[in-house]
Every structure is written in C-alpha cells, then in structure tokens.
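These notes concern the structure reproduced below.
Chains here go by letter, A, B and C, matching the order in which they are written, and residues are numbered from 1 within each.
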Amino acid sequence: MSTIVLLLITGLGLGALYFLIAAGLSLIWGLMRVLNLAHGAFFTVAAYLGWAASLTLAGTSPWVQWGVSVVVAVVAGGVFATLTEVVLIRPLYARPVGQVLVTVGVALAAIALVEGGFGSDPKQLTLPAWLNGTTSILGANIPNTRWVAILAAAIVLALLLFFLQRTRYGLIVRAGVENRSMVEALGIDVQRAFTLVFAIGGMAAGLSGVLAAAYYGTIDPVRGSSMLIFAFIVIVIGGLGSVAGSALAAVIVGVLQQFLNFYAAAGVGDFAVVLLLALVLLARPGGLTGATST
Amino acid sequence: MSERETLLALRNVDVFIGESHILQGVSFDVRSGGITGLLGRNGVGKTTTLRGILGLAPRTGSVTLAGDELTRLSVHEVVQRGVGYVPEDRDVFAGLTVAENLRLAERKGSELRYDLVYELFPELKQRAAQKAGTLSGGQQQMVSLSRALLNADNRILLVDEPTKGLAPLVVRNVTEALRRAAEVATILLVEQNLSVAHALVREVIVLDQGRVTFTGDVDELMNDPALARRHLGLAAAVGSH
Amino acid sequence: MTAARGRILVAVAALLVLAALPQIGITIPGLFERPLSAPGTLSLLALCFVFGALALTYDIVFGYVGLLSFGHALYFATGAYAAAIALTRWHWHLPQAILLTAVVAIVLPLVLGAVCLRMHDIPFAMVTLAFAEAGSVLVLQNPFGLTGGEEGLALGSDALPSYLVGVPNTHNLYWIALAFLVVTYAVGWWAVNSPPGRVWQAIRENERRVGVLGLNPYLYKLGAFVLSAFLASAAGVVYVLLQGGANPQITTSSFTLALLVMVVLGGVGTLWGAVLGGIVYEYLDFRLVALSNAPALQSLPAIVRVPLSEPLFILGVLFIVLVLFVPAGLGGLLRRRAAA
C-alpha cells in the first residue's frame, strides 16, 4: 500500500514537471504552429542560472538561496524564451520549417554553452533541510520535493486557466489557437500574443528546471532534452493546444512511467509511454489538432 | 451617383498563390455609402480580392482607403484603419462563446454598437453564453456580421457571400441586416445569390478569371440578359426578377 | 550535354584522387595536421564519408519528400547495434551479421513508418522523435546484456576479418567508406530520379494534388522512409567497422538533430549538398575540438574562450545563421557562386 502511494505521488510529481514544460509547448504549438525544440534549453539554462545565483549567496539561509534560485530560474526562462521569439522566430514567420530549425540551433548552442561554462558532470544541489526530507502519508514516506512540484504545477495550471478564461490576451490566445488569421482580421496584433505565450512558456519551463533540480537532487546539461521528449508525448496525447489536456496527459504519463519502471523493470515505463502515444495516434490519427485551449 | 467620393481604390492588384496568378491587374473604385456588389462566377477571384485588400493574401499593386495606402500594412493594421471583414465561411471561433466572439472584435478607441447588433439580432443576446460552434449556420452568420458591425469606426465592411447555405427565411433576415448596416458603413459585398444582390446593390463590379470585366449600375447589368449572361453565366438570367 | 559530361569527368577524377589518397604522402597544412596518408587522417576522412552518406539518406526523406523526421538516428543505430550484437554477442561471421542487419533494417522502418506516416507535419516529427527515444532507452537499459548500456559495444579483435583490424589496415576501412559513399550516392541518385522519386518531390510540393492524381501518397512516403532508413542502417554497419563498435551516443535525439544540421548546412534537397554538409560537419566537429585546445585560444578571456572551445556551440550558431540568412545552405552558396 505504502509503495503504491509513494509511486503515485512520485508519478504525480514527475507529471507536474512534464506539465510545466508541456503547457508552454502546447500553447506555442497551438497558437503559432512552432515545434519549439529550444524548450529543453530554456529548462536547462534556467536551472543552471538559478543554481549559479544561489552559489553567490553562500552563507545565507538555505531558504533564501533556494528562493532566489527559483526566482532567477523563472525570470531567466522567460527572458531567454522572449529573446528567442523576438530575435530568431519572428523573422522566419513565413518559413515554418525554418522556425523549427532555428530552435534546433538554439538548443544545440545553448546546451553546448552550458557544458562549456559549467562542465558536463552533474552538479550537487544544497537544498533547505525540509526539502531534503520526507512527509509521511498513509504509511509512505514521500520526499517533500514531490509535494513542491505538484503544488507548483497546480498553481501554474490555475494561473494559466485564469489567464486563458478571464483575460483579454487569454481570449486572443484561445481564439488564435482556433484560427490565427481570423484573429488578425479582427484587427488584433497576434504577434504580441506570440511573444507573450513564449514568455509564459519559458517561465514555466524555467520553473520546471529548478524544481527538477530539487526533485533529482542534481542538475546536468542533458536532462532537459529527455524531459522535452516526454513533454512532446504529453502534448500529443493531451491534444495540441490544450492546457487542461496537457495536465491530464502529464499525470497519466508520469504515473504510468513510475509504476511500470518500478513493477516491471527500469525503462519499461518509458517504453510503455511511447507505446501509449502510438496507440492514441492509431485510435485518432487526425483528431490531435484543433483542440481548444481550455 | 457619381458625386460620392471614392473610399476604397484598387490599382493593378496582383495576387499569386503558389504558381497560380489569381488576380491579374485588378483595378476598381468603391464609392462611399451604400452597397457595392462584387460579382462573378465561382472561382474568378472574388474572395481572393477581399483577402488581398486585407492582406490575408499576398498582393502587389496599390490598395488605398480614403487615400491611405494599405499594401504596406499588416492585416491587423489594415483592419484598425476601419475595415470590417465577414469571411465566406463565417469563421466564428467555435470554442468561444457568442459574447467572447463579440468581445474579441471590440477595438480600443472605437465606439461600440452593441445596441445596433442586439436590435438586428436579438437572438445573440439570449445566446451570449452559448459556444459559437453549437449555433446554426444562420446564427453563426449573425455573429460574424456583428463582429464587423460592432466597431462604429469601421468605414467599410467586406462581406463575403453572407447568404451562402442559409434557409430562405434566414436569407431575408441577413438581407435586412445588410440594408441596415449600409446606413452606417459602406459595404463591398460578394454575393452569388443574384436576387439578394439585385435587391441590395446599386453599383457592381464583375470579375472574370482574375480581371475586372464590367463596372457600372446593377440595373444596366441585370436588365440586359445578353450582358448578364456574358458576365455572370446563365444563372444571371434567372436572377433578374 | 557537354556540361553534364564535364561534371561527370570532374567527379570521376576527384574519386580517383580520393581512392589513391592512402598511397600519396602529401600534406595540406591547416586542414590536416598529418599527411593525408597517415592512418589518423584516413580514419577521420572515412568517418566524414560515412556521415556524408548518412546525411544523404536523411536528405531523401527530409529534402525530397519533405518529411521532417526527428528519428533518423534510430535507423543508423539499428544498423550499428544489430551488426555489433551479431558479431560480438553471437560471434557470427561478418556476412551473416550483415544479412541479419539487412532484414532488421527493412522490417523495423516498415512497421514504425506505417504508424508514423499516419501523421503529417509536426505531429509526424514528434512521433518519430518519440520512437527514436524509445530506441535510445532500450539501448541504455542493456536488455539481456545485449547492448552494453552506457558502455556501448566494442568489437573484439577476433570479431572481424583480419584485413579490417588494426592501424596498418586503416586504408582498407577508408576504401570501404569511400565505396559505401559512392554506392549510397548512386542508389540515392537513381531513387530520386526514378518515377517514384518524382512523385516524392510532388508530395513535397503538394501532397493533396498527388492524391488527386490517383496515386497513394502514403505508400510513396513509406517507400522513401524505408529506403532511407535501410541505407542509414547500412551506414551504421560501416560505422561499426570504422569505430570498432557501437555507442549509445548515436541513438540520441541530439544525433538526429546533428543530421538535420548536416543537411541544412549542405543544402536541403540536393544529394551532393547533403554529402558535403555531412563531411563538413564531421570535419568541423573533430577539428573544432583541436581548436579548443589551441594555445592561442587558451590565452583569451573566459567569456570568449568558453564558447569558442565548444564545437557544438559554434555549429549551433553557424546553423542558426545559415537558417536565417542562407536557407539554400553551402551547396546553394557554391551554386550561386558558380552561376555568377
């Protein structure tokens, strides 16, 4: 029983990390039809900058250090993403494949830069004692980092739904996911919504990066790209452009992965997730696009 | 009738889509006030003309609105100069409610005509919270028309086949709405239903294979069966009432 | 006609020079540190040829059919691991190992392609990426002790015929790589100029129009997918011979992205451009590492030194610049120069 609870909560925590990456990816794809392969780089760069910022505060309270690293990571992810959109994606408006390719270049260059600057070995993190601890529930000792990840993802989900449902820009994003050119034909500058969606996506990815660092206890330059692949799977299963769909799919993928990796064999969970993707695609090959962003 | 000033002017407008030369040096004027019809057989470039005016289709040549050049502007800037668009397939946002569809069309600094919209289409007020995708075709057309009518600073409305696929009763409703709309804005109307066109339109521009082949008074075209047949195909003879 | 014949003559002459390289002791200062006939130089060139051929196979699906696959590494790795497993784990002879690889290299892309090609455009890209990731996970998990996990799979000295083993036999491997490149180019050229090859290019321009003509785009795409994957697996076998084993790096999504960079670098939709891109990429990847250790670089301040000592940073930036400003790639640049 306690193992099941542990796996469930840990799976939810993993799903939370996926969701934070997938939400932005899904909106970017839904609105702009850009497959953003640089999203893993936002995750990684933000995590490293957050970590580096906490190092400069050595000697202060661990909570202050960790809090600063979270803020720095979120801001860094947002700034990096905004710059990518404005400087590199925007000039390629008329060339969709060019946009994808440019994000590949950003991913390669940024990850190489991280390796050059910080080395390719995993870095140990110093966390507040409570974050390294566990909380007991139904007999299972759940690492507190899982709770933090789940809570953060829940807050981001709520904020995103509020943004989409209750603000004018959210309205523009929802409409743009359906029919971008009609939004323009109502006199709305969709370009600004693009930048905004990129910024939000980058911030969420940055948050995922710094929370994943706590979740795994280390940061390294390559985790971002494997997280990105599972986030892709999440957004395809969840329906491209749908934030709520991404949240649901992230939970399914994270929990399934944890259970199978534990009960079957390491790696089987990852495999099963890919298989699930294939099954979803076979069941409804055309039904993946055109989802509304609710 | 020639006293009214020119509001919208196209000069040598070309549109290429892929390798196809859809519009070939199209030039015409739309005078301010009333409804001008843009007629022609299927596939001659009427919809492309409207899309070209907005910039939704890439175009060369000159498009001016009250003397202001539009071709260098992006789509949203063209619309902000006071161009309303009612596309051929209505293009309501199916996942958004009726109210959200209308709110999306609101422009800052423009007086909003919710009273006129709800007077013309009282149904929309009752269905404000309903998802637009669940509306009937006629109701969707009302939403689409309302989005264009909502901003009082729209000087011209580009309306593309508003009666297409609608039941006769709804066609009458839409026709009446267009007549009322024409009192507050100039309309450039693409219409295949020639009896609707004849009832609403004074001046007509006829396109054939990407070129303008006739401009003039609607009666001149409709009352001359030979002329109508030449420009509009056989259907025209039936259409003149 | 004469121009075409001239081009063929130039190509044949270049091939003869390349084939004779192990016998000529010339040095090209700047480009290569050692004489061209030195084993180190020959094995770098051989690796360049394999990547040139691999880039070509990717260009068939991406450049000619317009399929943005993010899973091409899977098929290269399939060839490499199938051959390496047969040779080391089961101690098969090389011909049998190649035969087994050939079977796997047809069946796997046929099954996966059949699923992936139900998608279009970006969803297609994501699905191919997911399958390749599954492959990568599989290799790392070392199922039944077959793949060696993170360590990779090294061929023992007795796994290969003696003429393929050891530094003194590097020139044999070099010739095999060169021959493989020539054969791949010939097959690729024949394929894209065959009637199905013209349908591929029509699909790239407008898939629906191909469907309207009564042809089934799905089958043509699947054909291209399988051919390209099969040739990539063959490149994987040659890679195993050159490197003396297989390693998990060639299964990663980064490796597929590197292939994408190669093709865009050289010029999408031209066979020789893709080959050029593959060769230049591999050469730069190798030589930029040497550059990063150069004394001149070490004396620079960290903010300049660190980026310049990361080959992938330089390649990534170069790639972005190419995508933004030179969409036709190096091949396009050269052609424009030739036309001017």
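Here is the rule we go by: a residue touches a chain if its C-beta (ideal position, glycine included) is under 8 Å from a C-beta of that chain, and two chains touch if they have at least 3 such contacts.
Quick caveat: nothing in here was measured; it's all calculated off a predicted structure.
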Out of every possible chain pairing, which has the most C-beta contacts? A-C
Distance-to-centre winner among chains (Cα means, whole assembly as reference): A
Quick one: report the Å distance separating chain B from chain C, using the average Cα coordinate of each chain. 54
Chain A and chain B: spacing of chain centres that average the CA atoms, whole Å: 44
For chain A paired with chain C, centre-to-centre distance based on mean C-alpha positions, whole Å: 31
Could you check chain C for residues that touch two or more other chains and list them? none
Complex contacts: residues of chain A adjacent to chain B: 168, 171-172, 174-175, 178-179, 181-190, 292, 294
Residues of chain B touching chain A in their complex? 54, 56, 74-76, 79-80, 85, 87, 91, 93-96, 100, 103-105, 107, 147, 151
For chain A, which residues count as touching chain C in their complex? 29, 33, 35, 37, 88, 91-92, 95, 97-98, 100-102, 104-113, 115-117, 225-226, 229, 232-233, 235-236, 240, 265-267, 270-271, 274-275, 277-278, 281-282, 285, 288-289
Per the touch rule above, chain C residues touching chain A in the complex are 68, 115, 118-119, 122-123, 125-127, 129-131, 133-134, 137-138, 140-141, 252-254, 257, 260-261, 264, 306-307, 309-313, 315-317, 319-320, 323-324, 327
